[in-house]
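Heads up, the next two complexes both have chain A, just with different partners, chain B and then chain C.
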Partner chain A sequence: MALRVSDLTVHYRTLRGAVKALDGVTFEVGDGEILGLAGESGSGKSTLGKSLIRMDGRMRHVGGTVELDGKELPIGDDGAMNRFRYKEVSLIPQYAMSALNPTRKIGKMVADLLDSHGVRYKSVEEELGRRLDLVELPAEVLGKYPIELSGGMKQRMVMVISTLLDPSLLIADEVTSALDVSTQKAVATTLAGFRNRGFVKSMIFITHDISLTHQIADTIMVMYAGKLAEKAPADTVVRAPRHPYTKALINSLPEVGVQYAERKLAGIPGSPPSLLNPPAGCRFRDRCPLAFDKCGEQPPAVEVAPGHLVACCKA
Partner chain B sequence: MLSLHSISKDYRTGAFGGATMTAVRDVSFDVGVGEVVSLIGESGSGKSTIGRMILRLASVTRGKVTFDGADISAYRGPALKEYYRDVQGVFQDPFSCYNPVFRADRVFAMIKEEYFPRVPREEWAEKIEAAVEAVRLNPGEVLGKYPHQLSGGQLQRLLIARALLLDIKLLVADEITSMLDASTRIDVLNLLADLKARGLGVLFITHDLSLGNYVSERTIVLRRGSIVEMGPTNLVFGNPLHPYTIKLLDSVPRLHEKWDVDAERPAEPAWAVEPLVEAEPGHFVAGYAA
Partner chain C sequence: MRQYFGRKLLIYALTFFAAVTINWMIPRFMPGDPIQGLVARAQVADPASVDAMNAHYRNLFGLDVPVWEQYMNFWGALLRGDLGLSIWAFPTPVSDLIVRAIPYTLALLIPAILLSWWAGNRFGAFAARRKWLDNTILPVGYILTATPYMWLALLLAWSLAIVAGIFPVSHAYSFSLTPSWSPEFLGSLLAHWVLPFASLFLVMFGGWAIGMRNLIIYELEADYSNYLLALGARGKLVRDYAFRNAVLPQITGLALQLGTIVAGALVTEIVFSYPGIGYLILQAINSQDFFLLQGVFLFIVLGVLIANFIIDAVYTLVDPRTRVRLQGAGA
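Entry: the complex of A and B
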């Protein structure tokens, strides 16, 4: 197992108390696996992604452990995590346009970055050239400023930089949500290609778009209000979901070919609970059509089929 | 109802405004009463510029926009105000359309001051309730709340309710669902489709092909400011003829179908300004040769 997360709990500190953004999440990502992390706003998907690489000032590690390749990651200790960042765990930020330093030539910026992680630029220069080739960027971009590149080129440049040291785990947080459909496809397939070539061992692909994640992920994990709702092989989540939330979510997605006049889709009434003081029991209870008395207790994630976890007592 | 007669928009660029950039080039189409037309394009295709020109937020460089036969560029002062009684816009980010210091329903008060100063307070309250119910919201739940207490979907629907108060004929909906979650997005789309039963015409501007496909009867695909394909939605999506439309449709992630990752990616078709040709009844394709 490349990554093993057990009972991870992360809270946000606010003036009114702790926001329980991530509440006891347990899962594993295998070697060479792409895990698609799907969920709506406030589901805790980005909090999970951030916890694995760098917690911001308001986040507090309350409990649980993260193990990468058998070593425990000190995720609550900002300084100790530095040894792992970029080399073992790397991140592709959402806005590639603003991820590059505008005042430095790209090659110089890469050298600075490598230097700060104790790697000599010369030792990876050749590999960098090969990878630029792979994403169809000319080697000249290293002598240019970010402003001279188009949005798609910057996105590819950032992807190459993030994976340059062959990290064990790559976190891609909403990398495609600001892109046009055709660029989106190119970026997503490039990421899958990086995994196939072994540049990254495993990947967490965070997005709100299930139909996109289904294209490249091996496994999809659906989160709701800080908890795991369902985790299963990608096809199973799309074709035979078991959790009522996943079912409703899949049914609310318009597809090319579905028209209002022929098949009217329905949304999910209501909104997710506040995570400041979340209600006891299943957090989807208030919006769930199947809810009954037993939903007052938190349902554990049960393995209903090999590799298929569902946190619902009705499933 | 609304007609665009080969409109173009040039922007001045360069340090002294010496160069021009054509954002929209010779676009013509119309939107009828009770019709939902989707305008689909990637970033830089000029789709929002067209919406802004219809709303008079940007000037038209060449060509003209007519509404019920009258040229809208001539409207000044009171006439322009009357135009906004018929045509309203709703935009992408509902969170930035509200002042967080005041209650969300303050957006309705401005409509009253400007357009209905003489309507008695009780009657106005009833009108607001009717409009809020028309957008499938429970008035008791949303009225009197502050913006942070409401979800994006609720805020977006309040803005549509605000437009409905005026009894508008045309709504320009520019990317109105792109900030919303999947489970609430569909309610806003269903609402748009239901409103056409009231005779409301909608220009639905989006980059998301599946959303455009879901709500509209007619689809217009834009590329770099000009129309590449236009026609009834089932023809454009069912039988796309322009290479650009084909490529776009190929890139859309679908739920029940996986991309063939190893397949040769179709190259970006070359770009040229080509005249629209009628390929089949009502289905226009740029530079089509049978």
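Entry: the complex of A and C
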């Protein structure tokens, strides 16, 4: 197993108390696997992604462990984590358009970054050229400033930079949310290509767009209010979801060829609970059409079929 | 690039023309008549003599022709490098007065501005990542910057010069000495320079430090900083990047300050009776000296324009975004 996350709990410190953004999440990502992480805003998917590479100042590691290739990641210790960043765990951020220092030539910035990890620029220069070629960027971009590149070029540049040292785990955090639909597909395919060529061993692809995830992910994990709702092979999640939340999420997607003037697109009524003081029991209970007495207790994630985990007592 | 600077030069030329015209007009709109003051100084009682003197002086200063002709004559003289005679220090030429005052102003302001800029930026960047500094020294900076400058200068003069007697209170050198390159005279010059310099440095330092602190905090939270930190870049690299980007607006601020250098520090020079350009402005206004005022203002306009032009050029070197805009984006 490339990545093994057990019972990970992460809170945000706020003036009103701890926001329990991630509450005992357990899952695994295998070698060569692309895990699609889906959920609405506030479900904890971005918090999970950040926890695995760099927590921001307000986040606190409360409990649980993260193991990558058999070694435990010191996720709560910013200094100790530096050894693993970039080489073992890397990130393609949501803000790829502004991720490059505007006053530094891109090649120089890459050299500075490599230097931080004791890697000589010369030793990877050739590989860098090959990868730029792969994403159809001319080698001249290295001598340019970020402002001289288009948005799509910057996006591809960041993808190449983030994966340059062949990290074991790549976290792609909402990388497609700022792109138009045709570019979204291209970016997703490029990322899958990186995995196929072995640039990255495994990947967590965070998005709120289940249909896009379905195109590249092997497994999809759906989160709700800081907890795992359902995790299954991508096809199973889309075609035969078991958790009522996943079902509602899939149902709220538009289908090709359907006139929504005649049939209204289903949404999910209500909104997720506050994570400042989350209610006991199943967190989807208030919005769930199937809820009954037993939902007052937290349902454990049960393996209903091989590789298919569902946290619902009705499933 | 050439087109960019050509256009800039044209704008600067137009600005120069307009500013100099306004400078010519301002003293002439002031109430009162400078010639009367000059004649009164001679203490002549005989009305005929007074009339004769009036006529003589009006002719001498070129005030006996219509206003539009005075304006033409003014430009003509200016292009020949002639700034006219001072009324206040009659009959010293204005250019002599300015040349005499400029070394004092420059020796006071250039070190004060440059050193406070450098030290303030360094300190602000440093304070931004030290909580205790942020909480202790920075409020002092706020107080320094918010203090009316005049009051701070007076306080310094009072405490360090009058009460403690460490430094002399006023003037640029001791009147018991004649200007020369002797160590004694240079020492006196330095001792007189410390207080006005320190008062300027303190106030400007606070301003730069606060500005830099805020800018650097903003840059350290920018996306490129977060990206580098997530990829485990050394803290020093991220801070260096942030500093370089944060310093850009500060360069503009420096340009504006440098431009006003030639105006002298009016209040400083008055408080410490320091014989720089600011002191000249005060004298010129007091004695309605059109020509001295015009001459000093001309220097200020030139100073601001030249400083701005230099900064325009520096900006194209330090900020690639300006350069790209000049040449048109690549792809």
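One rule holds for everything that comes next: the second predicted complex is superposed on the first by the 312 of 315 C-alpha atoms of A that agree within 3 Å, B and C clash if a C-alpha of one lies under 4 Å from a C-alpha of the other, contacts with A are read in each partner's own complex, and residues count from 1 in each chain.
The definition used in the following text is that a contact is a pair of C-beta atoms (placed from the backbone, for glycine too) under 8 Å apart; a residue touches a chain by one contact, two chains touch by 3 or more.
Just so we're clear, the structure is a prediction, and the values are computed from it rather than from any experiment.
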With both complexes overlaid on chain A, does A:S182 touch chain B (first), chain C (second), both or neither? first
Quick one: classify A:S211 as touching chain B (first), chain C (second), both or neither. first
Is A:I268 touching the first partner chain B, the second partner chain C, both, or neither of them? first
Just chain B (first), just chain C (second), both, or neither: which does A:S116 touch? second
Taking the superposition on A as described, I'd like to know which of chain B and chain C A:A248 touches: first, second, both or neither. first
Thinking of the overlay built on chain A, is A:S90 touched by chain B (first), by chain C (second), by both, or by neither? second
With both complexes overlaid on chain A, does A:Y145 touch chain B (first), chain C (second), both or neither? second
Counting only contacts in the complex, chain A reaches chain C at residues 53-54, 81-87, 90-91, 93, 95, 98-105, 112-113, 115-117, 144-145, 147-150, 153, 158, 161-162
Touching residues (chain side chain A, partner chain B) in the complex: 40-41, 180-182, 184-186, 188-189, 192-193, 208-212, 214-216, 238-239, 248-250, 252-261, 264-268, 271
Residue ranges of chain C in contact with chain A within the complex: 222-224, 226-234, 237, 241, 244-245, 248, 318-321, 324, 329-331
If you look only at chain B, which of its residues touch chain A in the complex? 42-43, 151-153, 181-187, 189-190, 193, 207-211, 213-215, 233-234, 237, 247-256, 258-259, 261, 265, 268
